[in-house]
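So, here's a batch of structures to check.
First chain A sits with chain B, and in the next complex the same chain sits with chain C.
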Partner chain A sequence: MSILGTRVIRTEDPRLLTVGGVYVDDLRAPELEGAARLTFVRSTMAHALITGIDASEALREPGVAAVLTAGDMDDLPPPPPESEGGGEGGPVPVGGPWSEPLLAADRVRFVGEPIAVVITDGGYQGEDAAELVSVDYEPLPAVVGARAAVAGESLLFPGTSSNVPVSRVPDSVDDSPFAGCDVVVEQDIVNQRVACLPMESRATAAAYVNGKLTIWHSSQNAQLCRLILAGALGMAPDQMRVIVPDVGGGFGAKVGIDRDAIIVAWACKHTGRALRWAETRSENLVGMTQGRAQLHRVKIGGNRDGRILAYRLDVIQDTGAYPRTGGFLPGLTCLMAPGVYDLPEVQTSFRVAVTNATPVHAYRGAGRPEATAAIERAVDLFAAEIGMDPAEVRRRNFVAPDKFPFATKTGALYDSGEYGAALDKVLAAAGYGELRAEQKRRREHGGPRQLGIGVSTYVEITAADAGAGESAKLVVADDGTATVYTGSSAHGQGHHTAWAMLVQDELGIPMDKVTVIHGDTDLIPDGVGTYASRSLQLGGSAVHKAAIEVKDEGRHQAAEMLEAAEADIVLDTDTGLWQVRGDPDTALTWAQVAGHASGGTLIADVRFSADRPTFPFGAHVAVVEVDTETGKVTLLRHVTVDDAGPVLNPVLAEGQRHGGIAQGAAQALLEEVLYDADGNPLTSTLADYAAITATELPSFELVSSETPTTLNPLGVKGIGEAGTIGSTPAIQNAVVDAVAHLGVRHIDMPATPERVWAAIEEARAQ
Partner chain B sequence: MIPASFAYHRAASADEALSLAAEHGEDAKFLAGGHSLLPLMKLRFAAPEVIIDIGRLSELSFITDEGSAIRIGALTRHHDVEHSELLAREIPLLAHAAGQVGDPQIRHRGTIGGSVAHGDPASDLPAVLLALDATFVARGRAGTREIPAGEFFRSLFETALEPGELLTEIVVPKPANGAAWSFQKFTKRAIDWAIVGVAVQDDRIGLINMGSVPLRAGRAEAALAAGEPVADAAAVAAEGTSPGSDIHASRAYREHLARVLVGRALEEARSRS
Partner chain C sequence: MKVSVRVNGHDMTADVEDRMLLVHFLRDVAGLTATNVGCDTTSCGACTVLLDGESVKSCTVLAAQADGRAVTTVEGLAGNGEMHPVQRAFHEQHGLQCGFCTPGMVMAIVSLLRENPHPTEEQVRAGLEGNLCRCTGYHNIVRAALAAAEVAS
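Up next is the complex of A and B:
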């Protein structure tokens, strides 16, 4: 019986739960013995010219080896030329006049921007000395928020004429598709800036080992780190080694290697000293890239029978101080704008605006949750306007199951989907009819605790860069063990469990004899990494493909050993024994078969790439209680269908859904990065940044649904981002629904108590 | 997130703590559970040169029945206050409120005296002790004195304690009707400080985070004393307060919450008694 699809407990956990993981700052590698500590001097101004840096006092402190500034960086290649930028897998910044320096030279553009590094024998000394580095600023007007950026009264980059490095806005707007609609609704929607907030904040160590610049870094992909470092430092990739040990979460913010960590690598190269850096949480909340940060204008038109005829989404992306990824985030938002609906007309536009804030990059979903949030709010606004149940409006507009593969008006090709079935399943599991009846009872009773029911249906794009594929090398040795070298980089997902299951399933080598190795460019020079919900469908398919190749080679060896035709050789995947069909006496073990091969090993080194991305989908129902006197929202239930094709291991898939739902709920209800009018961050501690905790969440109710894709041999799609994408709009819709009878039409996220209370007050005043 | 350097002394007795405090004067701070002071030091908002650790003074950790009052040692952990059978029976408001402070880890470290001496208007227990009409006992080199809770909190993080004086005990009179209590802590998340909180014992009302000090809802209490109904008392609960505006709530919203929560607290206290 196949192990695939069964509940296999994670093999990673005994170590993580007992002795604990080994994260970058825990490393006790001999090469890092006596490594110096690196501490950043960060900008305290959002926008200013630097008129002087005086490190003399810091240099007199005990243990201070050096203070390095941009003036010391005379060994770097020139910045890249101006381009459109982009990229989920490989972030490509907009270069030219928009280039981001390593250490800021003459100008700072966000609070937290690195200006200098202090190198000390110990971390405490670094913190004290960094306070003594005196930076003289000449303040410039801070550009706070994307609207102010677009208005362009103060420009961030000399040599440019606006704060909009990238845009895709049509020359003229065609309003005619809305002209024939019974009802047209428009709404401004904020998809607020949030922190990525991995448990493990950023950490890097660097040392020269055997002549190679070796970087230990908390990342989602070692190979991309090396590629980016090579470009940034002007070195050949093979002069460097990147090692990724255990990683405590990434959520997109650890794709590749970012500016601060590149500075660490540069400082090691520049001084020749082994260095370590591990940021504090306060640094993390201003220094690590953040997510979302879009302003939406939606316009939706349709008829009173519930049919939607036209939809427009205009996006302004706050990209923070530097356009690190061009138009990639809003581009994905526009691509996914129509969601699960078969719409006759879809129009999109986006502008990317630079602001005096922490740069924005991928965050779990990266552009897709924003698209879903916009259209799912828009559909609810439309449903409210025509007085139809929001679930029914969705049902009347879904892409029908017989239309797949379905080409959207925005250029996506959805592979497979059963949107109506997903909605029906989730409504049944939630008891939608009873919930509506309970809501009616509470409304009639008129007390302060009102019930809200929110629905969202979504489709998302996973393995968007399917063509880049993923690598896998599988080695079966003459002791009967198997080793997988994967380019897919585990940072909490359970790759070690999943890859071992794939090997056991195909080869019959038990999981406990399978070792999975990742995150070391010397061992795996060629790999792509973990992001965009791509691991199983690309990396897993690569492991599967490698296993098939090893099996073919094993069959060849066994045939030789047993002096039989290959066609007569069979592998019993329950026992892992090779034999001539119908002759149990001929059984050979993997150890014997591998031992017969040249070098005593069977090796397959493969790459799997898919023709196109896959499109998982699902439906969420959130049930909230809103205290109408205080505005406080309590999430009572969250029920989901998240269909990402066949499930390899429900334990892992449910874990992804749980974490995703929690992060999505956090955006809907609590989390928001805030700045004051001068661009000072107001949420740089965890007392002020309201990360969600278990006490704010109910037990999630997960409904299974498995619609396969034909784009990979496992039939799987990605599950990593699904929970985040579906949950946010379901909860936001539920909050609005709870107070809709009081005249409230829309509440922006996060639906904090005060914001909900203010919306009720405003509606009552009208 | 790394404090400025400081000298550390661990006191073995209250007397030693006092003599260390006298020796180091205004450069010194007492460290009890550390859950208020250490975060401020890590953010470098506070940089005391000398820390006198009183966290292990078991002589100041007790809950004893004195007949008409209960005496609580200043270093009694929130967890011990929360789980005291004596308090649960005689002063359930205090036991319940101690169980609402922070999270379990915080309640195992944080102390009732530390919470009081820190003088943070956003802390739960000062307002609770105001509603309970408690008295604080302070010891200095000159001797011991008692300070009524109503005279203890002077301004933001400022109390009636003199430099070198150590808060040693909290004396809480047993309420006339112990059951007539309510504690309403309004937060976004369970682990947050209260945006606004209300503690009611009988007809005394303590307010959390409604000004620069923990305070009593004087106008609402006066309304109750004048025989006005709960709704009318609640309607004036924010009068005489001066809550701040911050990223968690505006002043107007805090005032609104005070009215709603005082109303709910009074209703609950009455329904219990």
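Up next is the complex of A and C:
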């Protein structure tokens, strides 16, 4: 019987539970023995000219080896020329006048920007000395928020004429599709800036080992780190080795290697000293890239029978102080703008605006949660306007199951979907009719605790860069063990368990004889990594493909050994034994078969790439209680269908959904990165940033649904981000629904008590 | 200053800076790196250990305050090669993903169950308010705590 689809608990866990993982700051490698500590001096101003840096006092402190500034960076290649920036294909910095330095030279553009590094023998000394580095500033007007950036009264980058490095705005707006609609609704919606907040903040160590610049970095992909480092430091990739040890969460913010960590690598190269850096959480909340940060204007029109005829989404992306991703995020948002609906007309536009805030990059969902939030709010606004149940409006506009593959008006090609079935399943599981009846009872009773029911239906794009594929090398040795070298990069997902399951399923080599290795450019020079929910469909398919190649080679060897035709050789995957069909006495083990091969090993080194991305989908129902006297929201239930095709291991897939739902709920209810009018961050510690806790969440109710894709041999799509994409709008819609009878039409996220209370009061006053 | 701490049953004496935090004593002096630092405001609980049997956030305790006392970290929880019931429940219920919050989370639950051996789900959630996890949505952590309580009863 196949192990695939069964509940297998993780092989990773015993180590993590008993001695703990080995994250970068836990490394006790001999090469890092006596490594110096690197501490950043960061800008305390949002926008200013640097007029002087004085490190003399810091240099007199005990244990201080060096203080390095931009003036010491005379060994770097020139910055890249200006480009279009990234689109749907991937994140690309804009370059040219918009280039981001490593250490700031003459100007700072956000609080937290690196200005200098202090190198000390110990960690406490570093913090002391960094305090003593004196930086003189000449303040410039801070550009706070994307609207101020677009207005362009103060420019961030000399040599440019606006704060908008990338845009895709049509020359003229065509309003005619809305002209024939019974009802047209417009709404400004804020998709607020949030912190990615992996529990392990950024951490890097660097040392020369056997002449190679060796970087240990908390990342989602070692190979991309090496590529970026090679470009930034002007080195050949083979002069470097990047090792990714255990990683304490990434959520998109650890894709590749960012500015601060590149500085650590440079400082090691520059000084020749082994170095360690592990940022504090207060640094993390201003220095690590943040997510979302979009302003939306939605316009939706349709008829009173529930049919939506036209939808427009205009996006302003606050990209923070440096356009690190070009147009990547809003490009994805616009691509996915129509969601699960078959709409006759869809119009999109985006502008990317630089602001004096922490740079923005991918965060769980990266552009797609924003698209879903916009259309799912818009559909609810439309439903409220025509007085129809929001679930029914959705049902009347879904892409029908017989229309796949479905080409959207925005250029996506959805592979497979059963949107109506997903909605029906989630409504049944939630008991939607009974919930509406309970809501009605409470409204009639008129008490302060009102019930809100929110629905969202979504489709998202996973493995957007499917063509880049993923690598896998599988080695079966003459002791009967198997080793998988994967270009995919685990940081909590359970790759080691999942990849071992794939090997056992195909080869019959038991999981406990399968070792999985990832995150080391010496061992795996070629790999892409883990982001965009790509791991199983590309990395897993690569392991599957490698296993089939090894099996073919094993069959060849077994045929020779048993002096039989290859066509007569069979592998029993329950026992892992090779035999001549119908002759159990001939059984050979993998150890014997590998031992017969040249070198005593069977090896397959493959890459799997898919023709196109896949499009998981689902439906969520959130049930909230809102205290109309205080505005307090309580999430009572969250029920979901998240269909990403066949499930390899329900334990892992459910875990991805749970975590995703919670992060989506966090955005809907609590989390927001805030700045004051001068660009000072107001949420730069965990005492100020409202990270979601166990007390604010219920246990989740998951409903299974598996619609396969034909784009990979496993039939799978990505599940890493689906929960986040579906949950945010369901909860936001539920909050609005709870107080809709009081006249509230829309409440921006996060639905804090203050904001909900204010919306109720405002509606009552009208 | 000189401090002596009994760490996971072993006496350990070292000369440390007055201001050294207990978590750095554990990580850098005792060499026990399972206990992690996740914030600098006593908010996240990744550094939770037991001090004389009660859970504390070791980023907010000076090593000097632990002088003459006993500390238990997650490394000291398993006995005779057997995982503690809370560790086992985390494994069986998939209560961890990246593993970074896990040692602190496990120690917080060990302490919680000592105070209240039969908590409700709501009591478990309230008890974990000071421990952040970004991967699991807390769903399976809560299940693990309840399963461990079940096993112990």
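FYI, the second predicted complex is superposed on the first by the 761 of 766 C-alpha atoms of A that agree within 3 Å, B and C clash if a C-alpha of one lies under 4 Å from a C-alpha of the other, contacts with A are read in each partner's own complex, and residues count from 1 in each chain.
We take it that a residue touches a chain if its C-beta (ideal position, glycine included) is under 8 Å from a C-beta of that chain, and two chains touch if they have at least 3 such contacts.
Not measured: the values here are computed from a predicted model.
Superposition of the two complexes onto chain A shows chain B and chain C fitting side by side, with no clash. In the superposed pair of complexes, A:651 makes contact with chain C only, with no contact to chain B.
Applying the stated contact rule after C-alpha superposition, one finds that A:96 touches neither chain B nor chain C. The three-chain arrangement built by superposing both structures on chain A places chain B and chain C 40° apart around the Cα centre of chain A, to the nearest 10.
Between chain B and chain C, C touches the greater number of residues of chain A.
Once the two complexes are laid over each other on the shared chain, residue contacts for A:693 go to chain B and to chain C alike. By the document's definition of touching, of the two partners only chain B reaches A:754; chain C does not. Of the two partner chains placed by superposition, chain B and chain C are both touched by A:685. In the superposition on chain A, A:630 makes contact with chain B only, not with chain C.
Looking at the shared chain after the overlay, A:124 reaches both chain B and chain C.
When the two complexes are overlaid on their common chain A, residue A:282 makes contact with chain B and with chain C alike.
Applying the stated contact rule after C-alpha superposition, one finds that A:525 touches neither chain B nor chain C. With chain A used as the common frame, the shortest Cα distance separating chain B from chain C works out to 5 Å.
According to the touch criterion, the shared surface of chain A, contacted by chain B in one complex and chain C in the other, consists of residues 123-124, 280-282, 685, 687, 693, 695. Residues 123-124, 127-128, 131, 280-283, 629-630, 632, 670, 674, 682-683, 685, 687-688, 690, 692-693, 695-696, 752-754, 757-758 of chain A are the ones that touch chain B when the two sit in their complex. Interface residues of chain A, counted against chain C in their complex, comprise 9-10, 12-14, 16-23, 25-26, 28, 123-124, 197-201, 246-249, 251, 278, 280-282, 491-494, 651-652, 654-655, 658-663, 685-687, 691, 693-695, 697, 699-700, 723. Chain C makes touch with chain A in their complex at residues 17, 19-20, 24, 27, 31, 33-44, 46, 74-75, 77-78, 83, 87, 90-92, 94, 96-103, 106, 121, 124-126, 128-143. Those residues of chain B that touch chain A in the shared complex are 1-2, 4-5, 39, 43-44, 186, 188-193, 195, 247-250, 253, 256-257, 260-261.
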